[in-house]
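You will see chain A twice below: alongside chain B first, and alongside chain C after that.
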Partner chain A sequence: MPNRVAIVGIGQTYHTSKRPDVNYAEMTREAVMAALADAQLSIKDIEATFMASMETFEAIYLPDHEMAAEAGFFGKPGLKVGTGGTSGASVVAEGFYFVASGLYDVALIIGSEKQDCGDTTAAITAAATPMWGKGATTGAIGEFAKQALSYMKTSGAKEEHAAMVRLKADRNACRNPYAHLKLGLKSVEEVLKSPYLVWPLRLLDFCPQSCGACALIFASEKRAKKISKKPVWLVDIETVHQEVFKAGVFGDPTGKETYAQHVACERLYKRNGITNPRKSIDMAEIYEPSNWEEMNLYEHFHFCGKGEGWKLIEKGVTEIEGEFPVNPSGGVIATNPIGATPTIRVAEAALQIRGDAGEHQVTKDVKTAMASALGGPNWTVLSLLKRSL
Partner chain B sequence: MAKKKVKETTEKTPKKEEPEYIRIKFNQPRRYDWSTGKYLGHFYAEAKENKKIMGTRCPKCKEVLLPPTPVCGKCKVATGWDWVEMPQTGTVFQYTYLVFPLWDPHYGERWANPYASAIIKLDNGVFYRHFLEEQDKEKLKEGMRVKAVWKEDYNERGQGPGDILYFKEIGKE
Partner chain C sequence: MSERAAIVAVGQTKYHPNRADASEEELAYEAVKQVLEATGLALSDFDAAVSCSQDFWDGRTISNMNIQHVVGAHLSDEDKVCEDGINAIYAGMARILSGHHELVIVVAHTKESQAEKSLIENAAFDPALLRQLGLDFVSAAAMQARRYMYKYGITPEQCAKVVVKNRGNAKKNPFAQAPLDITVEDVLSSKILSSPIRLLDAKPISDGACAMIITTEDRAKKLTKKPVWILGTSNCYETHYLGDRDLAECEALGKAARKAYSMAGIRNPMKEIDVAEISEEYSYQELMWMEGLGFCGKGEAGKLIDSGVTGMGGKLPVNPSGGVISGNPICVAGMARVAEAVLQLRGEAGDHQVKNARVALAHGITGACAQHHGVMILGR
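Up next is the complex of A and B:
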């Protein structure tokens, strides 16, 4: 049986669109220092470091080499991972595997992205295979525009529902000191006045480009209880790959595609005896690049029945005070430093379990939480966190 | 009196100085040289030489794979050299309309803006993604019958999927 793995340190930078005051390494260091301070550990206690970055966004290749000193890599074992949008969760999986294996007892996990260095949408567009991509890619925005269209058609959701998701995200982000976009949006009408980027996606419907980093410290069971009074157990992780870009990626108009989310959920829920996720799980931090995709993901993760995602938002189920809060942090639509985005989902879920989320702590008591990541052609990583084993 | 007070307060507020951060810019194009490989290479060759859209077929599930691949990802079996020619007419299954300008990943140039991108259901039921000629959002609709328009100049072809300029509405010649 693998070793139990706990999160014993959580740290992040504030997130914003530009950080001209620091370079990539210095910015990453801020999150590392915050996580070490949270765990009351020194970098000398860390046995191995793991990092996530989408190098093409900065055009800083091998960033783990560049920041060997600043982020604590120097002289330590570890690996850097880049799996597109899921990078920041793949690194969580990576750290989980190593600590669970018994190879290391204390590991540092870092997700970091400094998007003011380059043009992320160009980099994402170029991430499609150059031999096939041109006729097929419309960047992440185009893919989620198609998803929105499919969702509208199959579920009967209206633009107003998408606007309500955006309002929820903004209300929550305004309560989160680390969040990037805090717009103080007041009404559905205000969101619906936002200009189109890619029809039917509006500027306010889509995630921003942020600079920021998030670091976690993982420890094995025997060390975790000594390090932290409130260890959060990372009980399981599932990661599922998807094929290249075909007809519909995030919203399948053809009805023929296999959804990575379904496969991931089926495995994770089955292994952990979850038959009704709304009952067994208390809240979720999900990777929603757009408000439309959030409603779609409610359905994919079986938080509700098919075609009912928009009803959850209409009934306020997923609000901070709701029965099943989703993204009390404000989510990806408010804050999106891509390599760190999925790491933040895990960090925020862990903060909710610890009861340390401050202003955006959910009303209900969180004993179990799920964090999701989404990227590339729908690659999916799911993490399940618990307060007690 | 009140007015004067406000003015004084404004004057007293120290103006926050923005420090001068040093940044380095890089604007050079980079050279890349990709190999198409055997299967995509065949797709490219057929597009350039014969203006044909070619896909492979999985021997197990019989699904036509576009882009063509040597292996069916779902069945995990080799597709062999079983090529299927696609019809060049189809129906707009879904479309979107890009207002936000994107970069061409091949050449590092901005694409024309705005433009329509669509999922087209070719007449054999295979889904293909490409651009539409029609740029007027009001005239775009699902179910529109379209056909492929190729680059006529042989020397301009050789860009695989890019050898098709766009799909054009049938009956609008």
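Up next is the complex of A and C:
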């Protein structure tokens, strides 16, 4: 049996467009200090430090090196990973495997991005294959416009449904002290007045660029129970990548594509004896770059049948007070510091399990939660969290 | 859950100054193909891949997107480590020891020829102050070399001897990029890059890839007659600001080495280790890292090179492959050190074989003045 892994410390910065008051290292340190305070540990108790960020978004080479002193790398083992949008979950996976292996008992996990240092969309445009991909790329916006269009055509969802998802996200974000966009949106009409970025995707339909960091402290079973009264168990993790020419597969008008999301959740559910995720899992924090993608992900993760994602939002199932809350934090459409975004999903899911989410704590009791990440050519990482083993 | 992890196959491209004929994924696949052929495994057999590359060097965001199809990651698990490749092996090992994975492929790849080294390295420094000075890793290394040579009385001749030894060893390694028949005088008369570092004191620009397979004890014994065990490993960060460090010391290396030795049960590294592959991007580094690794006392590595202890016939041959200074790309360099250590332990190093190598040390570095060190002890 692998060693069990618990989350015993959770910290994040507030998230916003620009942080001229701090540099990248100082900003990351805010999250690290918050996680240490939450766990009531000092940096001396940390055995190894793992970080996620995308170098090209800040145009800083080896950012973990630059912040070695401030963010808790100095004198310790560790490494940085980078897998695009999924980075902040890939680092959760590294922490999970390193603690499960018995190599470390207490590890610090950091996701951080300071997008006011660089130009993320320009960097993402440079992700495509130079010979035949670059001319056709517009960063993430174009991909999610295709996804929105494809979802609209195949599911029968209307723009009004996407607007309802956006309203839910904003209502939730307004209750989350750390969220970036808190717009106080009042009506579907207000969302539908927002200008198009790439048709049919509107400005309000898509995630912002945020600065922010999130830190987690992982501990092995024997240490976890001593450190925390409310350890949250990271019971399983599943990563599914796909090859680069699937870069366009965010929407599927053919209905024949294999989605990384399907493969990932089917593997995760099978290993953990989950036959009906809506019953076995109490809530989810998912990585939805757009409101359209949120409805699509409901279907991909089998929270509902195919073509029924928009019905969940229509019925209020995924609201904070609903039967299956999704993104009570306000989600990615409200807050998106890319390297930290998936780490925040795990952090928020863990807060819900602890009952420590404050104003955005969901109504139902959360014993089991799932967090997802999305990046690269539709790569997926899923984490399953539980209150008790 | 496996008690220990094994490396069952290694593959390397021949290192080359400019592989304009191959894309990054073609280069990576050249190394991957070798480990598949050696074990009879298919890409679909792996539970996960851990790759190592850098967006800055590849000139594209999410550099690992590029190589998914050649490491078996299509609808499978992959992660990309952004330190030197020896750390990708560490991450692979953690997956094996965790019991969650049984078979992991690790791959490092970089084409340095397509990037501007100095510009990339400059982007690792503080934008407000240090970037403006035009600092890159050669000029940073020059400061470290100066400080080390001044503090411990290491001479340019002693550094040059490292180059003569390693470039000479490279003549017998078919993967080496730049074997050379040179003298100490040749090194000392080559042009200055950043004083005291001369052209021949530095590693050349290099393209290449390295791959290996890591697995559990049970699977290892089924896959090969000659598994190589990871007996101990660790890594460690120095602090960043060069002015905050005594550049003549490498405490992070000492920490990483002590942890790796303690895992491997090594008390006297000079006595118990038979061969070492050490990442020396610059000649002074081999000497400095010898001290950090505890093969000798502080300031004593100059005597080691003078006495021939680290030569092919010496008590502790260091870099029989020719080392990084004979040409390995960033990211690949440390993984290549492990690959060479594996070849030595399997008795498959050909003309650069060290006799009766039973325990080997491999070492990798990342960052300015080696801010991050990784150490791995391997055994038969």
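Heads up, the rule we're going with is that the second predicted complex is superposed on the first by the 381 of 389 C-alpha atoms of A that agree within 3 Å, B and C clash if a C-alpha of one lies under 4 Å from a C-alpha of the other, contacts with A are read in each partner's own complex, and residues count from 1 in each chain.
Methods note: a residue touches a chain if its C-beta (ideal position, glycine included) is under 8 Å from a C-beta of that chain, and two chains touch if they have at least 3 such contacts.
All values reported here derive from a predicted model rather than from experimental measurement.
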item: Partner contacting more residues of chain A (chain B vs chain C); value: C
item: Which superposed partner A:239 touches (first chain B, second chain C, both, neither); value: second
item: Chain B versus chain C as contact partner of A:59, first or second or both or neither; value: both
item: Which superposed partner A:150 touches (first chain B, second chain C, both, neither); value: first
item: Chain B versus chain C as contact partner of A:37, first or second or both or neither; value: neither
item: Which of chain B and chain C A:73 touches, first, second, both or neither; value: second
item: Which of chain B and chain C A:102 touches, first, second, both or neither; value: second
item: Doubly contacted chain A residues - partners chain C and chain B; value: 59, 126-130, 243-244, 247, 258
item: Of all residues in chain C, those that touch chain A in their complex; value: 1, 48, 54-56, 59-62, 64-66, 68-69, 73-83, 87, 90-91, 93-101, 120-121, 123-127, 234-241, 244, 251-252, 255-256, 259, 366-368, 371-372
item: In the complex, chain A residues that touch chain B; value: 20-21, 59, 119, 121-122, 125-139, 141-142, 145-146, 149-150, 195-200, 243-248, 253-254, 258
item: Residue ranges of chain A in contact with chain C within the complex; value: 1-3, 49, 54-57, 59-62, 64-69, 73-84, 90, 93-94, 96-98, 100-103, 117, 123-124, 126-130, 238-244, 247, 258, 260, 263, 375-377
item: Residue ranges of chain B in contact with chain A within the complex; value: 19, 21, 23, 26, 32, 34, 36-37, 40, 44, 67, 73-74, 93-94, 96-100, 102-106, 108, 117, 119, 127-131, 137, 159-162, 164
